[in-house]
């Protein structure tokens, strides 16, 4: 299974071992991890965030994003893990691992998957400080990042 | 120490933990691993390769590449590990991990470091099959990849 | 015809409802018409037409205002996504 | 003046030498002149001028043909790098 939505944490190293074990044809692995950052919010520091998702559609959207990446680049393996539920600052949110023969494809596909995940996969973040909770607003920069792949 | 040349293998997950432990300001980690691929050579499959380097200059070149990346992007941590000696197919050769607040900087800096490592750091690979040994020739594509950052 | 409705994130909280079954009156057969029908319930449902960039999905695929609705459809409304 | 010379990878194998101390004759004070001096030893040393894209480093920094040499310098010759 290349896409998993889970509450549990993940280990990037273990996922890479699972992809590469017994293979000798992979030359490049690009990976990305997103983490909960203690940004300021309403004069306080963010302590945690809660990730909500749309069960069923999320899996389909991520599978579609991975399929698009595989059609654009020659990839040997893709692994996506996205966590849901409450995560405190410093915790890992998302992992994308892409294996390919060459590094150009691995980097491009990994960034492509992240850009589309950020704009097409139905996840929503609610940030919390000690006294406040606030849904994160979508960033225009994320839309622009996704748009550049359609040019 | 952000740059290490070693014969021993490395664990991407452990290096990421070492970078993120006790911090809550990192939002994005991009990483890259290069592996020994069983390409064809002189009608046989590559079994292994031997990595030679220029002790002293290699460390300086890598430190300079990391310093350049840090001056171009706002980075929170960089870790580079490059192995030397004989490595069989499927083994890991190089690891680059870049931590930043945002994913754009993390991806760009990670790719920048790999492109410059491939063209500026004094390492040389000799590939071997059962009956042949051959020094790898530098690829024009690697020079082009490094050149695009100077535009 | 009847459909299944889902609301997510800030919209779900504003409405105080996560899911509902709805019997659509004759003539309400597009996403846009459904949004108008829900907004006509008054506050807080006016959010269905006033929320900036509100997204819709029909049967778990992104849908536009003209997407046609059919009996048994699963229709979801939510703000722009912010995962990753 | 004397310098320390280093050869790497395919060049080291072709020459059969990894390092040497060398007393430079008067007038040989650039990387280009040093390459000519070494090539004049005959085969296999002609590789110092015939090898395509041969790289040079002086005191562990990339150097060009005009880079000046000084007593005690560490000068290295090697093919284009192929790590990573």
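Letters are used for the chains, namely A, B, C and D, taken in the order the chains are written, and counting of residues starts over at 1 for each.
Here is the rule we use: a residue touches a chain if its C-beta (ideal position, glycine included) is under 8 Å from a C-beta of that chain, and two chains touch if they have at least 3 such contacts.
Being a predicted model, the structure only gives us computed values, none of them experimental.
Identification of common neighbours of chain B and chain D yields an empty set.
Placing every chain at the mean of its C-alpha atoms, the farthest one from chain B is found to be C. Note on chain placement: the centre of chain A and the centre of chain C lie 26 Å apart, centres being C-alpha means.
Averaged C-alpha coordinates put the centre of chain B at 49 Å from the centre of chain C.
Between chain C and chain D, the centres computed from C-alpha atoms are 73 Å apart.
For chain A, residues touching at least two other chains, in rising order: 34, 114. The set of chain D residues touching two or more other chains is empty.
Every pair of chains that touch is listed here: A-B, A-C, B-D. Residues 34, 51-54, 56-57, 60, 82, 93-94, 114, 117-126, 135-138 of chain B are the ones that touch chain D when the two sit in their complex. Those residues of chain D that touch chain B in the complex are listed here as 6, 8-10, 13, 53, 57, 60-62, 76, 78-84.
The part of chain A that touches chain B in the complex is made up of residues 11-14, 16, 20, 22-38, 89-90, 101, 103-104, 106-107, 110-111, 114, 141, 145.
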